[in-house]
Structure formats: C-alpha cells, structure tokens
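The following pair of complexes shares a single chain, chain A, combined with chain B in the former and chain C in the latter.
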Partner chain A sequence: MLNCKVNGKEIKVKQGTLVIDAIKQADYDVAHYCYHPGLSVAGVCRLCMVKIGDNPRLQIACNTPVQEGMEISNEDEQVKDAVKWGLDFHLINHPLDCPICDQAGECELQIQYMKFGQYDPEMAEKKVKKRKVVDLGSKIVLDTERCILCSRCVRFTDEVSKTNELGIFNRGDRSEVGTFEDKPLENDYALNTVDICPVGALTSKDFRFRQRVWYLKNQSTICTGCSTGCNVKVYYNEEGLFRVKPEFNEDINGYWMCDQGRDVYKFVNKDFRLLEAQSVTEGQAEPLSAGKAAQLAGEKLKELTKVNGPESVGVVVTGQYTNEEYESLFDYMVNKLKVKNIYHWVNNSDTMDDFDGLLLRGDKNPNTYGLKEIMKKYSIQTNMSDLEGAIKSNTIKTIVVAGPENQAVYPDFNERASLFSQASNLIWFSAGPVSAATSKHTLVIPTKTYAEKSGTYVNYKGTHQSSHKVTTIVRGALSLSDSVTLMSGESILTKPVGPQKAMKTNFFVNKSGEL
Partner chain B sequence: MSIVKKPDWKANWYLIGIFSGLWFTLKTMVINIFNKDKMPTVNYPEEKYEYGPRFKGNHVLTVKKDGSVRCTACMLCATNCPANCITIAAAEHEDPTVEKYPISYEIDILRCVFCGFCEEACPVDAIRMGPEWQTPGLGHQDFHYDIQKLAYRANLKGGVLSRVDDEERHHAGI
Partner chain C sequence: MEAFSDDILVFIKKECSRYETRRSAIIPCLYKLQEKRGWISPEQIGQLAVAMDIPPVQINEVMKFYTMFNQQPVGKLHVQVCNNISCTMNGSRELTDHLCKTFNVKSGEVSSDGRVTVSKVECLGSCDTAPMMQINDEYYENLTPESATKIIEKLGK
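Take a look at the complex of A and B:
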C-alpha cells in the first residue's frame, strides 16, 4: 500500500494505481475522456491534468502511477485553467448538434463543460466539417463530426473484441474515426463502443431517436440472454423498456456485455406479451384473469391427479425462471400432487456448451444451473425424449409447461408446442402469446418476465445472483410462485399491516365516507 | 383563513356611493349614445380585436424554406412544458443533413397554460406563440393540435418562416 495525498486528503492506494484512480478513490471529480478502466491507457485527451507536488508543469493523471508520498492536486487554479481551455480545444470543431444528438443528457462534453468549462468560446475560425450519419451496418450510426478522437472505441475493438475494425484516419483537425471503407461494424460486442463513446459520435440504431435519455429511469438487474448472467442496467419509463447497458462486475462480465443481450429487453414490452389468461376449450377461446386461471388450473390438476393418478401428469420446465419459482413449483408438484414426471426442456442441446471466449454462451437460459440443482434436490431424473412416447401412448394426459419467457431463443418452440398439444389437457405458463398451444383443453397463464420480479439466477459457474424487480409492464401477469400459490388454493393477497393504525395516521382515509 | 372586518361608520353612508355610481353610468351612457365611434368596446363577434404580434396565443410551428416543418424533434419544449401537453414522436429523416424530425407533434391545447416556455426552450425557433386567441372547437378532437394545424392552418398562409436556417449556419461555419 502506498500513501498519497489528493487535494490534501490522505489516502492509501494499491501499488501500481494510476493517479486518476486515486483521485476517484478520494471522491474527487476529474475531467477525462480517453481513460477507461477496462481499456489500456492512451493519454490523448489531455484533460485529466493534475499538479503533482510542486512540479512546475502539469501532468496527466491517467498515465502516471502513484508513488509513495505523492501530493496530487486537481483543484489548483493552474489545473482548472488547463482543463477549461483543453475543453475549448475539444469543442472547436464540435457541431451544434445537441438537439438531434442521442447522447444529449448523458454526454460527457455537456457534463464536463458544465463542471469544468463554462468559458466563452474564443475561436473565430469556421468549424471543420466532417461526414455525418455514416451507416456502420445494422447496429451503429457514426457521426465523425461529433467524435473527439479519444480512441476509446478503437482500443475496444483492438483489445476487447479483438476484431480491429475501427481506426483513426488522416491527421490534425481532419482526423476521422471510422472503419476501413465504411465496412460495417458487426462484431458481437460492437454496441459497447456506443456505451464507452463519451459523446454522440457512435449511436445505437436500435435506440436512436426513440427516447430522450432524461425521460428514462434505470435499474440494475441481470441479463437473461444466456447463462453468463451479465450484470446490466435496464432503462425504462412507463411505456416499457428501451435499452440495456452493462454494469461493472469484476467476476462476471467486467465492463462489457454482448449485443444479443441488448435485445433481451424486447420481449418484455407490452406488444409482445400475453396480457390476460386464455382458456381454449376445443377451439373456443375465452379470456379470463390470470388469478382465476391459476385457481382453475389448480382445481383441474387436483381432480385429474385424483382420477388418472399423478403419473398421468407431465411437467415441462425451462431454464428461464428464478430459483424461488422452481422451489415453489417443485414443492407443489412433488410434495402436494406427487407428480414425479418433471422434464427439463433444453432448447439447443448441440450448442449448449458453446462459448465465444469472451462472454456469450450457447446456453440461452439464465438459470439452467439452478434448474439442474433443484432437480437434483428433488432427485428427479427424467429425459425429455421419454415425454414424446408417453404423450403418444396416452400415459401422460395432462401437461403443465413452465415455458420460456424469451421464445426467440427456442428454435424448437412451435414443434414442441404442437407435441404438447397432443395431450388432452395443457396448462402453459408464458410471458408471450403461445399460438401453437392447441390442445383440447388449453389454459395459457401470463407470467412476469425477469424485469418484473425479484429472484435468484445461478449462472454457468454456479454464482448465485439476485435480480430485483424493475417495473411492472403487464399488470395482469403473475410470477410462477404466485401462480403456484393460487393453484394450491391459497391466497396471494398480502394482508395490510396494522389497518387500524393506517386509518389513524391517514387523515383522508379516516374521514372517508363522511363527506 | 377567515377575515373578520370590523363594522365601519362609513358603511352607513353607502347610499351616497350607490347614487354617485348610478350617476356615472347614466352619464357615460348618454355620452356614448351621442359619440358612438369613440366607444372603447367592440361588438364581438361581428367586430374582432387584434392583439399585437407578441401576444402569447395559439402555437405556430414554423417552417423551413422548403416548406417542411422546422422542428428537429429535440423534445426540449416537451421537457420544459409545465402542463405536460406536448407529445412528439421522432424519426430518422431520409435526408442526412436533417437527420431527425418529428413524425407527429401534438399539443393538447386544453391542458396548455400558455406560459410560453416551449417557445423559450426551442433552440431553432421552431415553435412560437402567435396572436391568435380564438380557439373554438366542437369536441376534444378539435383541441389536439397536430402538425397540420400547428404549421399549415389556413390563416398562416402556407407557414411562418423560421429565423434559423441550417444551410446558412453551415456556410457561416457553425
């Protein structure tokens, strides 16, 4: 450990820490663009100026390791002046695009100008014009005029994705970031460059112009796109989810996430959801509330297990639910109904163990591990292929499916659904509509998606991660645990705590009925 | 809050006040009858009063030289609006020099409080409040002003030109 002083505050830092990190550790703001903790040091923006000891010249904080007894200051007048006019240089050729720029509101130029700049520009020359709205493939739009040449994106494609698409071309104030001959930037991690770009030079096509960032709230959660379980932040408002960004977690994903994970929010939004339960009897569809449907399902299962025996019921589970939900489902099925035919629906068994070397895994379920654990706990050993025979030979007459919430990653979805439909009773828990479920008596019950419930997911290496509820999108949907509670005949209504007390403290409640 | 007013001896002489008031009314009436053209009131709706151009009445979306809407869909007006009555949907324009434009821009004029904050927020002089103040309508559908009404209603005669022009800014090196 090394001792150093940041703006007079004594701190201890690890050997090899950079001055910029020491300043952050001491809770001071430091202006910077090019430094990113997940990338190598470039030292090109010259904004992270600090005064060290009484060296007459300022130094950059991002390329200077801390030494014992160092006295660092970034609140010195000299430093402030340097940062301010450094910022002026960055903005000399920057266009007046904020009204149409997606980055506005979270743009480092705006933030740092308000924090460290606030000068009157003294540049009399005309701005250098560069290329705008350059199409970089299906994901990204580049605006070279807005780029401040920090080279973060270039270093990302060199060091992290190792695809080397981006580079900086030309010299001086004609320098432009871009790909060779505008080739598309299509690697699996390309959208990370949009996140790390401190300005609006790289924008995501998916998010472009759909919302202003200041209309969005954010909340940390877990990506359910594959078994890696990256830590992410989802950005949402009352209309639904709009985008996903990675959150730092040293053990799981570092600073990054893959581009497929960024599409995972899509099935959560209302347009792709089942809004109420559906009971289909011989082709006659009838909508009903999820709670009613779950109670109905419970009664039906009770009756059917009594009449045909518990062996006539098959349960199919996918790896897309939380541990808590599995626990309640298995408890209900195994302990209450004595049903032992529980099958694990594996969507893509050939590519299950794929890994691209960085983050993305072939197992497109967030909680396969958790499901396997719980099956072991209840000592269930079944094989999905047995189910087909059992349905065909009519030994299994009733099927309960805890279906995938993200149906897009289940290539065999429709095929399986029509297989399950051959059984005479089908109860399907699903976040999205299931048009292929057409058994004689079908009950489709809407479930909550990962953004609407709290729970634990276990990733590929057994790390338990809890994710928290972000928002409610479909009011009528139930989590699997809630459905199971209703199926077993209990109520999910939470009792109000101390109703009398609430009456007393709330004047208006107390006065109601007196008007 | 309750205000208690103490009885005042002057209140006993109210009749004098009433008669002096009536006398004034009578006097003005007689004067007006014989000097009709000097009367300060107008006979609405046959005669209408025109307010000055700075009056904050109905909104106008200005247009560019080519006649398209000037608005860039930056949402600053909607953000600044205290009544939350501006709804904008942005889209990508096929012309890369325009880039972003509103495919729909609606003001719920019944919720608008005519504060003028939208006008103040707009970076490109795309929205103004004009001197029109008569806004009759038959139902709520007449009070959701869309681009058609805000920019191209008949009495704007093809649209009001914005003071901010992209091309000019480009040539000026901004």
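Take a look at the complex of A and C:
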C-alpha cells in the first residue's frame, strides 16, 4: 500500500493505482472524458489535469501512477484554469445542440460545461461542420459533430469486442470518428460504445427520442437474457421499462453487457403482457382475476389428484424463475400433492453450451443452474421426451406449466404448447399471452416478470445473485410463489408496497397565518 | 477490381516482417500502392487489409491522416500548397485561392483537361521558406501568386 494525499486528505492506495482512481477513492470529482477503467489509457482529452507536489507543470491524472508520499491536488487554481481552457477547446467545434440531443442530462461534456459556466466559446473562427445522423446499422446513429474524439469507442472495438470497426479519420479540427466506408457497426457488443460515449455522438436507435433521461428512474437488477447473469441497471418510469445498461461487477460482466441483453426489457412492458387470467372451457373464454384463477387451479388440482391419482399430473418447469419460486412450487407439488412427474423444459438443447468468449451464452435462461439443483434436491430424474408419450397414452391428463417469461427465446414454444394442449387439463403460468394453449380446460394465469419481483438467480457457474423488485407493470400478475400460496388454499395478506412516504409539509401552509 | 500483382504481395510480406508490429508497415505499403495509379481506392484498402492481416479501419486511419496519400485521382501536376501555420501567416490561403482561380479548378479536384490538381496539405517542413508548394515530388519555395502561376505554366508545357 502507498500513502498519498489528495487535496490534503490522506489515503492509502494499492501499488500501481492511477492518480485518477486515487482522486475518486478520496471522494473528489475529477473531470475526464477519455479515461475509462475498462479500457486502456489514451490520455487524449487533457481534462483530468492535476498538480503534483511542487511540479511547475500540470500532469494528467489518468496516465500517472501514484507514488509513495505523492501530494495530489485537483482543486488548485492552476488546475481549474487548465480545465476551463481544456473545456473551451473541446467546445470549439461542438455544436452545442443539447436541446435536441439524446445524451442531454447524462452528458459529461454538458456537466463540465454547466460547472464552469463557459457559455460562449471564445473562438472567432467558424465551427467546422461535420456529418450528422450517420446511420451505423440497425442499432446505432453517429453524430460526428458532437464527438470530442476521446477515442473510448475506438479502444472498445479494438480491445474488448476485438472487431475493429471504428477509427478516427483525417486530422486536426477535421478529425472525425467513423467506420471504414460507413460500414454498419453490427457486433454483439456494439451498444456498449453508446454507454461509454461521454457525449451524444453515438446514440442507440432503440432509445433515441423516446424519453428524456431525467424523467427516468433506475434500479440495479440482474439480466435474465442468458445464464451469464450480467449485473444491469434498468431505466423505467410509470409507463414501463425503457432501456438496460450494464453495471460493474468484476466477477461476472466487468463493465459490459451484450446487445441481446439490452432487448430483455421489452417483454416486460404492458403491450406484450397477459393482463388478466383466462379460463377457457371447450373454446369458451372467460376472463377472471389472477388470484381467483390461482385458487381455482388449486381446487382443481386437489380434486384431480384425488380422482386420477398424482401420477396423472405432469409439471413442466422452465429455467426462468427464481430459486424461491422453485422452492415453493416443488414443495407444493412434491410434498403436498405427491406429484413426481416434474419436467425441465429445455428450449435450445443444441446451442445450450455455446459461449462467444466474452459474455453471451447459448443457455437463454437465467436460472437453469438453480432449477437443476432443486430437481436434484427432490431427487427428480425425468426426461422431457417421456412426457410426450405419457400425454399421448393418456397417462398424464393434467399439465401444469411454469412457462417462460421471455417467450421469444423459446423457438419451440408453439410446438410445445400444442403438445401440452393434448392433455385434457392445462394450467399455464405465463407473463405473456399464450394463444397456442387450446386444451379442453385451459387456465392461463399471469405471472410477474423479473423486474417485478425479488429473488435469487444462479448463473452458469453457480454464483447466486439476488435481484430486487424494480417496479410493478401489470398489477394483476402474481409471482409463482404467490400463486402457489393461493393454490394451496392459503391467502395472501396485502401489505403496503414499500415504506410509507411521509407527507411533505408545505412551508406556506404552515406559515399561512403569518403571511 | 484487379488483384494485387506478385511483386506488390512480395513487397507487403517483406515490409510486414520488417518492423516490430505489422501496423508500422502501413505507410510503406500505402506508398507502394499509390506508385502505380497515383491514388488509392477504398477497395484497394480492403485488399491491403487482407494481405497485411490488419483491420481495414486502421489502414484507413493512417491514409486519411496523411495528405500525401491521395484518396481521389489527381492531375498530371499535383500542386500541393502547404496550409500549415507558417505558410498561412505568409499568405498560403490567398495563394491557394489564386491558383484555383487561375487554373479554374476546385481545391482537391482535377481540372477539366486532367492536367492540374490544386490541394491544401499539412506542413511540408519548409517553414523557413514559406509560403511554399510541392508539385509532384519537387519543392518550390518563397512563392508569390505570380511566381507560382509561372512555375506551373512552365511545367505544364
């Protein structure tokens, strides 16, 4: 460990720590654009200037390792002046089109610019016009005028995705970022460049112009797109989820996530959801509330196991639920109803073990590991292919399906659904509508998605990660655990959601007598 | 698009093994490509990228940075007027405008008779004799608009 002082505050840092990280460790702000902890050091933005000891010349903090006894200052007047001028140079050719820019509100350039109040650039020369709205394929739009040439995106495609699409062309004030011959930027990690872009030069087509960032709240959760279990932040408001961004976790995903994971918020939103339960009896559909449907399902199962025996019930489970939900479902099925025919629905067995070498895995379920564990715990060894025979020979008459939340990653969804529909009774837990479930007596119960419940997911290597409830989108939906509680005949006491907010006292109301 | 001839491929291979990294061989290889036609097309960069086993974007970065590599066809006389600081202070912008007007050509484009291209380039390292220009491979220094016109007209004959 090394001792150093940051703005007079004594701290200890690890050997090899960069000055910029030491400043952050000491809880001081440091302006920077080009430095990113997940990439190599470029040292091109010249904004992280610090004064070290009595050195007459300022140094950049991102390319200077801390040495024993170093006295670092980034609040010195000399530093402030250097940053101010550095910022002015960055703004020479920047269009300052913040009102129509998608990055506004989370733009590092805007933050510094508001801080230093350099509202009018002091250049007499005209701004260099560069290309705007360059289409970089299906995901990204590039605005070369807004770019401040920090080279983060270039280093990302060079070092992390290793696809080398981006580069900086021309020189001097005509430098601009781009791809060779404007080829589309279509690698699986391309949207990370949008995240690390400190300005609005690279914007995501999916998120562009849909929301102002200051109208969105965000919360950490786990990506359920595949078995890697990347740590992510979802951005949402009362209308639903709008985007997903990666969050740093050294053991799982580092600073990055794949582009497929960024689409995982879509099925959570209302347009793609089952809003209330449906009971279909011989083609006659009847809507009812989810709680009622769960109670009905419980009564039905109780009766059917009594009449036809527990062997006549088959349960199909997908790897898309939390450990807690599996626990309550298995407890109910095995211990209460004595049902042992529990099957693991594997969606893509051929590509299950695929891995692209970075993050993306072929297993498109967040909790296959957890499901396998619990099946082991209840010593259940079944094979999905046996189910088909059992349905056809009519030994299994009732099927309960804990279906996938994200139906898009189940290519065999409709095929399986029509197979299950051959049984005379079908109870399906699903987040989205299931039009292919057409059994004689069908009950479809809406479930919550990963963003609407708390629970534990276990990733491919057995790391347990707890994910917390973000928001409620479909009020009528139940988690699998809640459904099981209702099915077993118990009731759920409604608790107030979250801590009660204290009423804000209005200053003028209280003081009205004195005014 | 014709494939690279054998001597170019041999040259690329030799240059690539000559330096510590293959990226260092980009400039000599680009010079070699430009030798034949006087300019380099994007297709050629794609081919060079395959031959050198370097991402095309990195070759493009180098080519677009240096003004000595031509991205478009140039005329018989490629007049390259330095537009860096010393020359600009000594009137190189006016000189460029004058030459463009005299030979009826836009900066960077070829004149209609295919003889002259006037282009602005970065520092040619002859600041003490500013303003100056380079025509093909020769330097012409301490210019005035009149002397520059004369030189080009003489060479054009």
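The rule we apply is simple: the second predicted complex is superposed on the first by the 488 of 515 C-alpha atoms of A that agree within 3 Å, B and C clash if a C-alpha of one lies under 4 Å from a C-alpha of the other, contacts with A are read in each partner's own complex, and residues count from 1 in each chain.
Just so it is clear, a contact is a pair of C-beta atoms (placed from the backbone, for glycine too) under 8 Å apart; a residue touches a chain by one contact, two chains touch by 3 or more.
Everything quoted here is computed from the prediction, not taken from an experiment.
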{"item": "Superposed partners chain B and chain C on chain A - clash or fit", "value": "fit"}
{"item": "Touched partner set for A:Lys338, first chain B, second chain C, both or neither", "value": "neither"}
{"item": "Vertex chain A, arms to chain B and chain C (CA centres, degrees, nearest 10)", "value": "80"}
{"item": "Touching partner for A:Glu125 - first (chain B), second (chain C), both, neither", "value": "first"}
{"item": "Which partner, chain B or chain C, touches more chain A residues", "value": "B"}
{"item": "Partner chain in contact with A:Val133 - chain B first, chain C second, else both or neither", "value": "first"}
{"item": "Touching partner for A:Lys372 - first (chain B), second (chain C), both, neither", "value": "neither"}
{"item": "Touched partner set for A:Lys14, first chain B, second chain C, both or neither", "value": "neither"}
{"item": "First, second, both or neither for A:Pro99, with chain B first and chain C second", "value": "first"}
{"item": "After superposition on chain A, the shortest CA separation from chain B to chain C (Å)", "value": "20"}
{"item": "Chain B and chain C footprints on chain A, overlapping residues", "value": "none"}
{"item": "Touching residues on chain A, where the partner in the complex is chain B", "value": "96, 98-100, 104, 125-127, 129, 132-133, 208-210, 212, 214-215"}
{"item": "Touching residues (chain side chain A, partner chain C) in the complex", "value": "164-172, 179-181"}
{"item": "For the chain B and chain A complex, residues of the former touching the latter", "value": "72-76, 79, 90-92, 96-97, 99-100, 123-124, 169-170, 172-174"}
{"item": "List of chain C residues in touch with chain A within their complex", "value": "42, 45, 55-58, 60-61, 64-65, 122"}
